[in-house]
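Shared between the two complexes below is chain A, which has chain B as its partner in the first and chain C in the second.
Take a look at the complex of A and B:
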């Protein structure tokens, strides 16, 4: 029974990190730097949802759409005004990393000033967090939605990536952005779209976290490490790698909770990362 | 007057931290965010030794760097194989583990209750309990750290580190064991950082787990990069500017929590603007 419960937990956590790793991997592969501001988009999405849905009583669907748009816009603007400038200058990846870390710090500080440092739950009333019994295991609504909805999202994405015009442009830029530009792919426009989509995925993660556990301004930093680890461990050049990594991470986290207790969960990504970088630095899956 | 002494002590402590971390970040070009962890290790080593085992703070000034240096040696032996982004990622993970351990190991570190009643240092019957005397102590330690970092950056060891920063592969071809040099820079930086922690713990007489988070490391980054990465003078200038200028916020009269967040926001934006407009900082000679 406990095993079943833990399996479902692991799946829902895996789905959560799959979304995050998918969005973060998009930027890593196309713009080729560690974008920590991704954690900022996560926070913007979650807190906007809190603002619209919980505080201003906007309809659920509109709140979600507005929050996703907001987090995408955050990422798009960060590209437009910060990262594209640095990328055009051919700055080292460390410069971009420092700038994105600065942006994440500033974003979480600003959100902390507006919403306070305490944990913020988005749920408006009890029915939002009510639990569902799945063959004896108890899950909350956010977890059920994650398990049902995320696989659809993943396959839609895989389809866009493999078969649409935008997906092909994206893959060409991942391969070699200069050659892609030479053969007439609009690099800047495609990158803007990639950053926007990446931001909405981060925002989706933030909304889910806000319904599930609640948000604090430091959540952005706390989730960025497991997100990066999931992407790197699975193989950062591969789309499916991030999803594989997310599930490895989720299973390792559940096992840690069983054997060592919940307070050590934050240490799991780090341990996996070190083992991985020593054994197989290129990640599990190749492209 | 007391207020000026307080600022002087903080400037000295952060000067020590920035100089020590600049040795790793500027000297060897290893982007590390673990600065706050070694700062915390120094502070906790001093606090635990002084309150639980009755050590004099002066003795902990010798022991704490050894503890921090040894821990850095242990974790660094794995980290030294990594480069750039991955090195930073590994140090970020280390900092988070440090925070987790400190928060959860209540019997040893006091958890979120922290450790109170850390004594002031005393030697030959003289106790450094007045602000003025503590200023002297802090400035003396700062001068020692300044001397050590200047000595290192002018020694052949320092030149090898700079060469690693410029081109690690080329240096490896010349037969240098670059990972050993990186490991040594990381450990020496950690040991010197611990001094700042000891002084801080003894000055404040109270520490808890919230004092040594990633925000402190971001502040150190901002100091080092603002002053000019790889310049010892720059680290001191950055520490001075980023301690004194935000003090102005205190007089505007924001609530404490709000002021802390506002400072954090300023440091973050400062990093973004430095990267955009002047990545080498005020005094910089080395282009990051």
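Take a look at the complex of A and C:
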């Protein structure tokens, strides 16, 4: 029973990190820098959901749509006013990384001032998130939704990427943005769309976290580190790599708790990262 | 320059010098008319409520001491400093109080980290520091000049272990936060439970910023314990108790004094039903509650404030006993003082570690988001 329960937990955590790694990988491959402000969009999504759904009692569906739009807009504006300017100046990726880190820090500080530094839960009543029995193990509603809904989301994205006009433009920019521009792909417009979509995925993660565990302003940074690890381990250049990495990470974390104890769980992602960088720096999957 | 000019210049200089000396000695005069005591506590930030509440209690105590004739024929004056619940800030505040304000004793801090961070400075300067809210066991050995009037967590762990075993909950799972407070309680509880005749069936810990305890609770559930001793702060407690309830763990949940935060129970609602924890008892009176209400303008009394009030009174008592307001004299007197009729405990005396000799605890139990004291 314990094995089955932990397997289900590993799957739900894997789904959570898959969404985050998918969104983060989009920016990494197209704009080619480590965008830590992704954690900011995670927070914006979660806290907007808290504001609309719990404080202002807006209907669940409207709250979620508004929050996803808000977190997408956050990422879009960050590109428009900060990253596109730096990219046009051909700034080094280190500069972009530092700028995005600054944005993340500012975002979490502002959200901390507005909502306080204590944990913020989105659910109006914790008992609303009831549990479901799955063949002897239990999952709560947030986890069930993740396990059912995330695979659909992943395949929708895989389809958009392989078979639509936007997907082809995206892949062209990933391959070589200058050549893509030469053959007439609107680079700036495509990047704006990519940043928006990436932001909504981060916001979705933030909403899930707020329902399942509660948000604190430092969650943005806490969550971005395992996301980076998952992407690097799975393969930075591959769409499926981040998803594979997310599940490896989730399984490794559960096993660590069972065999070594809970205080090691924060260290595990980085041990995996170091081993991976030594053995296979390009990640498990290539493009 | 003429002779007359020289005379005028020297005359002016002489007047200035005399005026300066007179005004300086006057200032010295006023300083020695009061006895200065320092106060540190979190007046800003996350835990500001605790600090401000204690500040009000200390202000009440000072008024009462001064209205009944002061100490050694002088009035008591308290200098308040913010420590932000943080060791480094507390250390700065204590340096300032000792070197600039020349206080003879310091009350504070509230947080264990702040007290441990500033204690070495007070110890080195031979100034008494008395904490009114820090429960970490290591404060006992922080120094000869370091006192506290709240009991150490060792007492709390003993009380919890004995209560559980007395009620037939002998198989206990232990889950504690990985910091000074949690580690201290983990060790103390393990020893106390073994002494009381119970067994720890599984022990685990988690980082302070982790809230996902699902795998830990899955392990705990598999061991089927009678009780779970779960030591966590507000955020992890809310998330953890929800996850334990998701898993359907039927064991008795038992926590430590940090669970006295009403936010935990209002968030959990009926999910927290039956959870219990120990918290330091007080001897608070209605008269004191009424005074606090006047001072704060609202009905709010945090348990530490009872200890802050008594802390100031006991320092005043010690100065009277010592007949001198110097650090070493106050320290020696504190080890001898016997203070009764306070609002924290009925009787307060210090042992050789500067801890209170007795500790009174109550057990609170949660039901539908509300807390009530368990009748014993």
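By our rule, the second predicted complex is superposed on the first by the 285 of 287 C-alpha atoms of A that agree within 3 Å, B and C clash if a C-alpha of one lies under 4 Å from a C-alpha of the other, contacts with A are read in each partner's own complex, and residues count from 1 in each chain.
What we mean here is this: contacts are C-beta pairs under 8 Å (C-beta built on N, C-alpha and C of every residue); 3 or more make two chains touch, one makes a residue touch a chain.
The structure displayed is predicted, hence computed values, not measured ones.
Novice: Looking at the superposed three-chain arrangement on chain A, would you call chain B and chain C a clash or a fit?
Specialist: They clash.
Novice: By the touch definition at the top of the document, which applies to A:183: first (chain B), second (chain C), both, or neither?
Specialist: After superposition on chain A, A:183 lies in contact with neither partner.
Novice: After the superposition on A, what does A:152 contact: first (chain B), second (chain C), both or neither?
Specialist: Neither partner.
Novice: Which chain, chain B or chain C, is in touch with more residues of chain A?
Specialist: Per-residue touch count on chain A favours B.
Novice: After the superposition on A, what does A:254 contact: first (chain B), second (chain C), both or neither?
Specialist: second
Novice: Have a look at where A:117 lands relative to chain B and chain C in the superposition and call it first, second, both or neither.
Specialist: Both partners.
Novice: Output check: A:92 vs chain B and chain C. Expected answer is one of first, second, both, neither. What do you get?
Specialist: first
Novice: Would you sort A:266 into first (chain B), second (chain C), both or neither based on which partner it touches?
Specialist: In the superposition, A:266 contacts both chain B and chain C.
Novice: Once the shared chain is lined up, is A:138 touching chain B (first), chain C (second), both, or neither of them?
Specialist: Once the two structures are laid over each other on A, A:138 reaches chain C alone.
Novice: Clash-wise, after the superposition, say which stretch of chain C runs into chain B: 8-16, 26-34 or 116-124.
Specialist: Superposition on chain A puts chain B right on top of 116-124.
Novice: Enumerate the residues of chain A that count as touching chain B in its complex and touching chain C in the other.
Specialist: Correct list for chain A: 117, 263, 266.
Novice: Note which residues of chain B are touching chain A in the complex, please.
Specialist: 31, 33, 78, 81-82, 84-86, 88-90, 92-94, 96-97, 99-100, 103-104, 214-215, 218, 221-222, 225, 257-258, 261-262, 264-265, 267-272, 275-276, 279, 288
Novice: Under the touch definition given earlier, write down the residues of chain A that touch chain B in their complex.
Specialist: Against chain B, the touching part of chain A is residues 33-34, 82, 85-86, 91-99, 101-110, 112-113, 117, 221, 225, 228, 232, 263-264, 266-267, 269-270, 273-274, 277-278, 281.
Novice: Which chain A residues qualify as touching chain C in the complex?
Specialist: Within the complex, chain A touches chain C at residues 1-2, 5-6, 9, 13, 117-119, 121, 125-127, 129, 131, 138-140, 212-214, 216, 218, 222, 253-254, 257-258, 261-263, 265-266.
Novice: Considering only the defined contacts, which chain C positions touch chain A in the complex?
Specialist: Of all residues in chain C, those touching chain A are 46, 175, 178, 204-207, 209-216, 218-219, 221-222, 234-235, 238-239, 242, 246-248, 263, 267-271.
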